[in-house]
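As structure tokens, here come the structures.
Across the two complexes that follow, subunit A remains constant while its partner is subunit B and subsequently subunit C.
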Partner chain A sequence: MSEIRRPTRGTWAVLAFPLAMLAIFFLAPFAIMVATSFYHRIEGGFYEPAFELASWERLLHGVFIERTLFSIGICLLAGAVCIVIAFPFTYFLTRMRRRSHVALLVLIMSALALSEVIVGFAWTVLLGRSAGISNILVWAGVMNEPAAYQPSFLAVLLGLCYIAFPYCILALYPQLTRLDPELTEAAQTMGASPWRTFWTVVVPIGRPIIMAGFLLAFVFTLGSYLIPAFLGRPEHWTLSVFISDQATFNANVPFAAAMALFLTVLSLGVVGVVTWFEGRTRGVA
Partner chain B sequence: MLARGGLRLEGLVKRFGDVEAVAGVHLELPPGQLISFLGPSGCGKTTMLRMIAGLERPTEGRVYLDEQDITDKPPHVRDIGMVFQTLALFPHLTVAGNIGYPMRIRGVPKQDIEARVEELLGLVSLHGLGDRRISQLSGGQRQRVATARALALEPRLFLLDEPLSALDANLREQLQVELRLLQQKLGITTIMVTHDQREAMTMSDLVVVMNQGRIEQIGEPLDVYRRPETPFVASFIGRTNLLRGQVTDGEVRIVGRPFDVDRPVASGPITLSVRPEDAHLQTTTTPERNALPGRVVFVRDLGELFECYVDCGLDEPVVVAGSPRERVEVQQGQPVSVAFPREACVVVAET
Partner chain C sequence: MRALRWVLTTMVVAFIVAPLIIVAVVSINANRYMDFPPEGFSLHWYAELWNDTGWRDAITTSLSVALTSAALAVAIATPMAFVLRAYDIKLAPVIYALGILPFMLPPVISALGALVFWNSLGYSGRIENIIVSHAIFFSTLPLITVSLAMETMDPALPEAAQTLGANPRTSFRTITLPLLVPSMITGYAAAFVLSLNEYIIAFMVSRFSVVTLPIKIVNDLRYGFTPTIAAVAVVFILIATTTFTLFALFGNLLKFLGADPAILERER
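Our next item is the complex of A and B:
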């Protein structure tokens, strides 16, 4: 039985450093952003300290509400696609021989070293008309002339899935390696084929981590602004693109700050709803 | 009804890389009995069980169940029930959900499943616990759920992989009896893997003693105990005194003293096994045949059991054990003799 002890002076000393870092590099900038969202914007230039709700009021315009819903929609979709592919993939990866599965894992993780800019550009080329994959299809005689697959909704979705996929695997991998192989073997001795074992044992037991991976992919793609900007038309842009647009090109920092906060609260809300729903339905099935 | 669940293994070999876990096993097991694979860890007993279950592919050899070759069949079509070492209960399902799982997989109608689950809960004395979560159960209860689940489809073969190893000693002994009674009641062919000789002796009709991927001896538990065929079996099943000596002109000599043994032997080195409870302590210092002089090294009186360690000039002290009622009063350091009755001297190795 471990006893919960009251934190001593030593414990506080150890905690002081990370707490200070958190305060300086997270809380302080966040507080500045909150303040900025109420500042007054000076047309064609900078902004000055003030307290006005102009930026927040602008959010209520139809176009931003519509963009918000679109952003949440496409990112939920990207998260779902990611987890649907990543879960079985990671499961079979962990069932492979150790050496080959580590090699594959390293290969996938190396994609994390690529910056979003490079990934975005690579996909614009691959999906483009002049040097894209359609050229291969033309060469193979499947198509008559090369086509451009971007900018489009599917191109944005594909790009978002590509950047979130390795993170999904990272979230699933530790839990799935720890899944007791005797559980699936037991299912098989009781008459379940490998396929049914996967659906009746692996997926239900993995449900909490499926949810965690899905939420991670959702939140991660929600923050991406380069991929939608590169691979989509303005109607495919997510709120993140507008935030960077307002901050860098329109120089409307208060509005960008308000949008960023709005997005943060919204994504926390979505995470909360999904978690609540997951908790409520667990054990019913 | 024809007895079902007869198993035959022909030349089973399993290699993992360079390691030969099972090294050519031939075995024919009668239906309806409980058979134990007994051996130290790494002797290949679990690998044998897994090959019978279909969870491991034999490198060589065939497995026949009721004269049908099942070597290439995957586990889910083998008609077996298995209790795993970790029990492998599904944490996302209730007790009833776990027990009903194999029936749901086979598409048994829902009301039939419910009735059968109730029946099985009764069989393993878990009435009314169907709605519990696995995490709410004690170790013994979990073991019973795993047993009920494995028996749900009335399989031809019931396989147990160290099924009680997670439990504490008292509970283990109790469940050994329970499991054995259940097996006898159902008459189901059962193969159990264990490293615990007490467990094997408590529960089995037949014991298969394994060592280093090979079968050392097969027999009824008491037979294996009384008449071990190799030094390994003699010392793995229970405790024993191994007496090493020489045979010249048909006479056995241990530390130079003449011995009569249970059967004729050829000339050369010889090893006898004598159980501690078969040896007798004598206060005389001039031993007759089948006895060795020695000195008391240590005396242990456990109340239910009296033990005396005597240095007789062998590699290790000879252990004499008996009930305290037949206790011979001896002191540490006292010169004594240890007698080994002829019928208790089992030859376990000769040239």
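Our next item is the complex of A and C:
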């Protein structure tokens, strides 16, 4: 709206409800979580107000550092796999005929709307020993006996890619539809092969959104809880799983709070980098 | 390049569809245990969803949570989106960022925050706690859709209303609000579907006393597989595909996803 008015008292009255809701149910819980991370844990599931650094000190232990590095590692890998496939796929998608273009988008949006519960469950079946890929291969006569491919590192990675892939496409899609067809046509008129055009024209233009999509997929997989819990062994669990586990089954809420705050800082850092990249994209386009 | 394009597209579609097809096959298996190839066809497991009180209660709980929390999310987001775009407010970027933040952070953080919050009030394990937490977490979606609508709205319309003598309140009610309704509905639908599917926040807030559909699925899976779980999964898959197919047929899915207006003109 071009006509931007000065706020009046009525304006603030309108804002009061949303702001109060966010303050009470988002900022206050966050503040209580910060306080809780300093509380004293009582054996058996309770905690009492105190000021101690025990939970924060546990973040420096070898086990936690090793878990953090594993989480960052597998989520970076999932983000990389997603973007490497999603970028050429989305590029092809934006150049398809209307009918297949829309059909593929419907498929991708449906996959995006699926619960992690459903995705995790579907992959346990697909990679399992009783009704999965191996059973189809046995039935087709390719394999002798069924095998289970989960829980495993690869299963967790596939699951993470499955949930992050649609988000990756959504991040790339708006910019790739804006890629001027004349640019690629010009390259090909000058004698470049489609393959060479893709590498020398499309990829360099897309570099900022490739980076943004990759980091978004990374943050998104970092938040996944059920996929590592369903498809992995405890050694494949990520920080999200450990936080939930400490908060519910181990009943160590102060330690869970300290880990959650660490995860917040990590995610905010990545989101900050994404915003910076998007700012640069806008400068280019 | 053409071959690569074909191979890549096929691989991606197979990757997305394969787990869903397997689940669909398992859900119509007559046998109680999963096996392949399936032994006989049966819709028994779908009937179970309705006849078993445990499943029916979970469905009812999830629907109540999703319907109310999405409404609350729209009620939180719409005034914010409107005021932040229509008025000159210094703190606007900060307030907008605050509205986006819950959704940008991993859900486990909101989940743990809600857990300690309700614990400290001594009021935990209620369905309304899940509704409020979901409303805050998913209010980001209507905030985005309504803000986009505000950006693309023709500023001449409310101006004309006011030139013709309408006061700001009347012009909001008769001009701006009706123009925002489609984006409010889209935001509501997105918040509804995601709330229906959300597990970790509901689980940590419910403290084992409220059982939504995703919680029921995970609880049941801990004791082993039943084909009913596959049947629920198929219902979820069908809801998602139907929603977006209808969206593509009657709404403008490409525009919603941010496609370039030029590509929308290209009729092929």
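In this section, the second predicted complex is superposed on the first by the 240 of 285 C-alpha atoms of A that agree within 3 Å, B and C clash if a C-alpha of one lies under 4 Å from a C-alpha of the other, contacts with A are read in each partner's own complex, and residues count from 1 in each chain.
What we mean here is this: a residue touches a chain if its C-beta (ideal position, glycine included) is under 8 Å from a C-beta of that chain, and two chains touch if they have at least 3 such contacts.
Treat the numbers as computed from the prediction; the structure is a model and nothing was measured.
Chemist: Per the contact definition in the header, classify A:F121: touching subunit B only (first), subunit C only (second), both, or neither.
Modeler: second
Chemist: In the superposed arrangement, which partner chain does A:S244 touch: subunit B (first), subunit C (second), both, or neither?
Modeler: Only subunit C; A:S244 stays clear of subunit B.
Chemist: Please indicate which partner A:L183 is in contact with in the superposed arrangement: first for subunit B, second for subunit C, both, or neither.
Modeler: Only subunit B; A:L183 stays clear of subunit C.
Chemist: A:A260 contacts which: subunit B (first), subunit C (second), both, neither?
Modeler: The second partner, subunit C, only.
Chemist: Considering only touches as defined above, state whether A:L77 meets subunit B (first), subunit C (second), both or neither.
Modeler: Neither subunit B nor subunit C is touched by A:L77.
Chemist: By the touch definition at the top of the document, which applies to A:L154: first (subunit B), second (subunit C), both, or neither?
Modeler: Touch status of A:L154: no partner.
Chemist: Which chain, subunit B or subunit C, is in touch with more residues of subunit A?
Modeler: Looking at subunit B versus subunit C, the one contacting more residues of subunit A is C.
Chemist: Would you sort A:S193 into first (subunit B), second (subunit C), both or neither based on which partner it touches?
Modeler: Both partners, subunit B and subunit C.
Chemist: Considering each complex separately, which residues of subunit A are in contact with subunit B in the first and with subunit C in the second?
Modeler: Touching subunit B in the first complex and subunit C in the second, residues 193 of subunit A appear in both lists.
Chemist: In the complex, go through subunit C and note every residue touching subunit A.
Modeler: These residues of subunit C touch subunit A: 1-2, 4-5, 8-9, 12-13, 15-20, 22-23, 25-26, 29, 33-38, 75-77, 79-80, 82-83, 85-89, 95, 98-99, 101-102, 104-117, 119-120, 132-133, 135-136, 139, 150, 153, 155, 158-159, 168, 193-194, 196-200, 203-204, 214, 217-218, 221, 225, 229-230, 233, 236-237, 240-241, 243-245, 247-248, 253-254, 257-260, 262-263, 266-268.
Chemist: For the complex, which residues does subunit B have touching subunit A?
Modeler: Touching subunit A: residues 53-55, 74-78, 80-82, 84-86, 88, 90-93, 101-102, 104-106, 133, 149-150, 152-153, 159 of subunit B.
Chemist: Can you check the complex and tell me which residues of subunit A touch subunit B?
Modeler: By the definition above, subunit A touches subunit B via 180, 182-183, 185-193, 196, 200-201, 204-205, 207, 283, 285.
Chemist: Can you name the residues of subunit A that touch subunit C in the complex?
Modeler: On the subunit A side, the touching residues are 1-7, 11, 14-15, 17-19, 21-22, 25-30, 32-33, 36, 85, 88-89, 92-94, 97-98, 101-102, 104-111, 113-119, 121-123, 125-126, 128, 130-132, 135-136, 139, 162, 165, 170, 173-174, 177-178, 193-195, 198, 219, 222-223, 225-226, 230, 240, 243-244, 247-248, 253, 256-257, 260, 263-264, 267-268, 271.
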